[in-house]
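Chain naming follows the written order as A, B, C, D and E, and within any one chain the residues start at number 1.
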Amino acid sequence: QTKVRFQLDWRFEGPSALFLLGEQKGYYKAEKLDVSIDAGNGSGNVVNRVASGTYDMGFADMASVMEFYGNNPDAKNKPVAVMMVYNNTPAAVLALKKSAIRAPRDLAGKRLGAPVFDAGRRAFPIFAKANGLQAAAFNWQAMDPTLRETMLVRGDLDAITGFTFTSILNLNARGVKDEDIVVLPYPQYGVKMYGNAVVVSEDFLKKNPEAVRGFLRAFAKSARDVIAHPEEGVKAIKARDGIIDEKLELKRLKIALDGVVKSPDARAEGFGRISKPRLSLMASQVADAFATKGRINPDAVWTDAYLPGAAELDVLR
Amino acid sequence: MSATSAMLRAGAPAATATSTVATTPFVEFNRVWLAYNDELAHRGEFAVEDVSLRVEPGEFIAIVGPSGCGKSTFMKLATGLRPATRGVVKVAGEKVTGPLQQVGMAFQAPTLLPWRTTLDNVMLPLEIVEPYRSTLRARRDEYVARARELLRTVGLAGYEDKYPWQLSGGMQQRASICRALIHQPRMLLLDEPFGALDAFTREELWCVLRDLWQAQRFNVILVTHDLREAVFLADTVYVMSQRPGRILLRKEIDLPRPRDLDLTYTEPFAELVHALREKIGHVRQH
Amino acid sequence: MMTMTSAQQRRVQRVAPWILLGAVLVLWQGACLVFDVSDFILPSPASIATALFQYWDVIGGHAWRTFWTTMAGFALAIGVGVVLGLVMGSSRLAYAAGYPLMTAFNALPKAAFVPILVVWFGLGVGPAILTAFLISFFPIMVNIATGLATLEPELEDVLRVLGAKRRDVLFKVGLPRAMPFFFASLKVAITLAFVGTTVSEMNAANEGVGYLLVSAGSAMKMPLAFAGLVVIAVMAMLMYELFAVLEKRMTGWAHRG
Amino acid sequence: MMTMTSAQQRRVQRVAPWILLGAVLVLWQGACLVFDVSDFILPSPASIATALFQYWDVIGGHAWRTFWTTMAGFALAIGVGVVLGLVMGSSRLAYAAGYPLMTAFNALPKAAFVPILVVWFGLGVGPAILTAFLISFFPIMVNIATGLATLEPELEDVLRVLGAKRRDVLFKVGLPRAMPFFFASLKVAITLAFVGTTVSEMNAANEGVGYLLVSAGSAMKMPLAFAGLVVIAVMAMLMYELFAVLEKRMTGWAHRG
Amino acid sequence: MSATSAMLRAGAPAATATSTVATTPFVEFNRVWLAYNDELAHRGEFAVEDVSLRVEPGEFIAIVGPSGCGKSTFMKLATGLRPATRGVVKVAGEKVTGPLQQVGMAFQAPTLLPWRTTLDNVMLPLEIVEPYRSTLRARRDEYVARARELLRTVGLAGYEDKYPWQLSGGMQQRASICRALIHQPRMLLLDEPFGALDAFTREELWCVLRDLWQAQRFNVILVTHDLREAVFLADTVYVMSQRPGRILLRKEIDLPRPRDLDLTYTEPFAELVHALREKIGHVRQH
């Protein structure tokens, strides 16, 4: 039995089913792992905590991992991405239909808002560049995530950035119907960045390579089940956190699965895997957009050496 | 004494002290009992019991009695600081229901406010009591001069800007007397005002008080342990019993006015003091 | 008031907070109805009550966790706060040296330290207890120190003249004299301790009312989040009542107005 | 100490906080070097100083904003805190009715109210000022109320016997007697006011040290974030010094130990 | 008085009061000056000036002087509560650098601790001073009984469980005297201990003090305004001048011991009092 301390990127909600169902079904135990899964509060924190050894593994945005490499080239225990889960970033620009924003070019001169740490806001320069906008021309409003959609609905903002599966649902809850929302997902507008991946600390990877392999095998099995039966995944979340609304989380999970787990790019590259050129491009984009101290070596950030075999890994087929 | 004469106030009552004609009394206690709280009242533990007395306008009375007998309690009743548990206290013909206006009181402890200098402590009543309160701004200098003069009278010249804790015990007590006098109250209550003073300072202050009273004829209630003091100053001396305090004796002091310090060495004076002393000693045996 | 007996007054004082509470709730509910405030901005008392009722067991579990975490941090804060207060209050040098730095430290939002605490102590009660402690020891320290520093030298002399050691003077005169200050600070500190625990749980925990707040927030259940707040408020109120009883017993001598 | 003149003692007391500060910095830097603590966990004083130097103008702008916002909220807190304290301290009924609710309210993390404030007042200084106010009036109120409630009846009688009105008693005796309590609370309240502003800015603002903290944090520039904290600490220390001077002037009578 | 005899302490100094042989003095002031702070010292404002005196072991001295002359200040010097600005204070042959052990002091104000009942206030020294401190747990009942007995002696039976603010001024003062006596100090300092008491209670307490002293022969320094008190109780009376306080006169009282209250009505007694009074009055003119 190897102990694995695992940190999620966010609270126990829809997408966390990918990890929690396996836990509930004993898949990790079957791999002789004693996994404890904790709720998180942002990818940035996951990266920090894995790097500092507080956690062995975690689920974090690839951009955050890269940014850490760019800013802390000398850190001794960097997190390494070992399995891609969100093949595309879930970031999107969202607006209301009534605002007449239909495409990126309509954003010029509009009031944009998002928390400063929002992945979409931070990657916006990449989005802008891909769509011929001047990133520097935008004046951003900063706020807490809980305020973002409220302010859009109230008209304080023209557009926001956010994760599709968060912001759409938040807008729904504030009485905006799906058909009244304009979503400009980054992947559909020329931003081919990766989303969240499973990360492992270098130390843990060196000491327990088999445990990492076992974890990824179990996780792939869990992901397969969730993709086949999302409702079951939601039940696993409910078991962890009694207050969640199953209908809502099911919808969230489905948007996540459809948008970034089973996306065309994911199907092309294969679940869990990446394409080297795309990763290299992302590394240089992140270094520029996030103004990191140094350049980022994509080969250091990622390894596919611990992925399970194709039969176990190809959950999308 | 220039301070004294300067203080002659227009509205001072005109009645003379010795007139015992049927004027309405200024202070009237009618079978007054006091227990310090409900519980004590239920247990029947009273601090003063069944006190009745009448004080004529302009009368100077002194109260003597053993320690703890209820003299300070009596003062609190007379000023309305404490409501009577039973009985009625009337001042100037009206029932006392709360603290009175226009009273000057020197408490047994000096109770100077520690954040005020001596001068500011003495000025305090002028900030509260009319007509000084509303004229304080305009006539501040005049009032300050009066306070300084009063402090000088009690031997505290030069200590105006000191804080209470920079004064000796006796000096604090003298400042407290000034505070009781400054606003020329119609009724002056002094609770052992000279207890912490040496004999000479004490006798000086007797004379100060005598002169003020002679000029203004306000009412005075003086609590003291010094029988010579009581006899020298008062028109009437009341003797209280051991706790619970009752009034045992009322003694009119018919020494002629104005009285001089030399009077205290005369035979009639000594006899009065001796008689009081005997009475009290006798009462104590019981 | 004049005509009430003291027993009546005491009864009025007992029900007064409930009446005020009722009035506040009615006003709040009324405002929510009249201005049609949406649940996302400020849920109405009625919907909070519904949430409370519906999720009673979940909230109870989180509340219990927050409660004992807070108590642990608060106990630590009392201990450290009193000791530091004693040191600061009885040594002018310690006062001069330590006070400015303590003030500076306490002006920093404790939320900024939660990530560091997590790195050192892991996710769990550790950071929450420490945050509660860090945020709440300062008022205790300040008030104890002030209580000691404003001790009348006359009272001190009563012991000094007996040849009492510094420690005796501190424990026999300093501390008792500082008790009214201490109890005032407890009321402030307990509220801060709850805030500290909650903030820490919002940042790093799977449990506790703080976690409930963010989790309900992201599940868009604002009434539930506010139900969590209500539970904290109730716990704080209970602690206040406890302190009020203790205060009455221990500083009755000072409250005889 | 025995052999020092009072002038020497005063000089020692003046430099003491700097010596302590130096010692803390040296220890911190030492610990960072010895345990090889990375910048992303706890930046070393040296790297914070570098960041301070490098981003001086940016930090300065944010700091100024935070400073005046805090001052506005703090001024409000003093006003409201003193008035509420006076009411609570002089009326037993108000005390009994209001105190438990106030305690309850103050146990809630103010961060939870920032979204509501933003909805009402928009993004900007409004929520920050109000948060600073909401978080810092409570200690002032509590201490003023306690100062009044523990007033010796003998001192009160000095005024009552003159037929003074309630208001006079309050202003001539109650308030001066409560001053040591008031100044103790100011030191606590100013730290809380800074926390309040910062927390609000962290949640909803485009300016201020709170904004700097989250934006530097999310850009993984921890030294810059800590430089922001340092600036807050310095501002709080300055305010402390101001209060210390005022306290010495106004409550010298109580500090004569 | 059973309390008195119960208090006979093993280690009490054996020297008799009247022996003026060349023993080392118990208290010695050698040209002592005191200003309350540096600034006052620079301005030359001293509270006491150039005080020199020698007190033999077991001697009972009294200090009289006008209000504010520095008597309380002298007491603070003698106990080491204040260091002398100039000069040397020695007690039991050793230079005084800080508060002494084994002193009993009744301050001018009662200074009872308001959070303690009367009994607990009186017990306070036993919690501090050895050998009581270390035996307090084991012998608590015995000590409580002693405190109650002492309180009874001063007329405070039944008030043991009251708080200071529930006592009258004179009662507080008596409790404070008990607190000074309870631990049978080698040196007893009393600053106007009987000032707030009526004549009878006062004379009773004179006798209590006299008996205790007669039995134990500790050193006493008594500050008083009452010359009869000084002469009745003391071996030596010192007269201090107006501020700044200097010692003007040292008067040995050679009345025989043990002294009875009746002595106060005798001719030699009255003469001594009168002589002192004359002297003080004369001094005051300057």
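Methods note: a contact is a pair of C-beta atoms (placed from the backbone, for glycine too) under 8 Å apart; a residue touches a chain by one contact, two chains touch by 3 or more.
Which protein is which chain? UniProt says B, E = Nitrate ABC transporter ATP-binding protein; C, D = ABC transporter permease.
The structure presented is a predicted model; accordingly, all values stated were derived computationally and were not measured.
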Path length in steps (a step moves to a chain that is touched) from subunit A to subunit D (ABC transporter permease): 1
Given that subunit C (ABC transporter permease) and subunit D (ABC transporter permease) are copies and touch, would you call their interface same or different according to whether over half of its residue numbers are shared? same
Work out the mean Cα position per chain and let me know which chain is farthest from subunit E. A
Based on C-beta pairs in contact, work out which chain pair has the most and send it over. C-D
Could you work out how far the Cα centre of subunit A sits from that of subunit B, in whole Å? 86
Per the C-alpha centroid definition, the whole-Å distance linking subunit D (ABC transporter permease) and subunit E comes out as 49
Counting in whole Å, what is the centre-to-centre distance of subunit A and subunit C (ABC transporter permease), each centre being its mean C-alpha position? 38
Cα centre of subunit C (ABC transporter permease) to Cα centre of subunit D (ABC transporter permease), whole Å, reads 16
Expected list for subunit D (ABC transporter permease), residues touching two or more other chains, is 41, 115, 119, 153-154, 202, 251, 254, 256
Hey, what residues on subunit A touch two or more of the other chains? 48, 52, 146, 150
Sites on subunit E at which at least two other chains make contact: 109, 165
Tell me, which parts of subunit B touch subunit D (ABC transporter permease) in their complex? 79, 81, 99-103, 105, 107, 109, 111, 113-115, 124-125, 127-129, 163, 165, 183
Subunit C (ABC transporter permease) residues within the subunit E interface of the complex: 154-155, 157-164, 168, 172-173, 176-177, 179, 251, 253-254, 256
Which residues of subunit C (ABC transporter permease) touch subunit D (ABC transporter permease) in the complex? 1, 9, 12-14, 16-17, 19-21, 24, 41-42, 92-93, 96-101, 103-112, 116, 119, 138-139, 142-143, 145-146, 149-151, 153, 156, 180-181, 183-185, 187-188, 190-192, 194-195, 198-199, 202, 210, 213, 225, 229, 232-237, 239-241, 244, 251, 254-257
Contact set on subunit D (ABC transporter permease) toward subunit A in their complex: 36, 38-41, 114-115, 118-119, 122-123, 202-206, 211, 214-215, 217-221
Contact residues on subunit A for subunit C (ABC transporter permease) in the complex? 5, 7, 10-13, 38-39, 41, 45, 48-49, 52, 54, 145-146, 150, 166, 169-170, 173-174, 241-245, 248-249
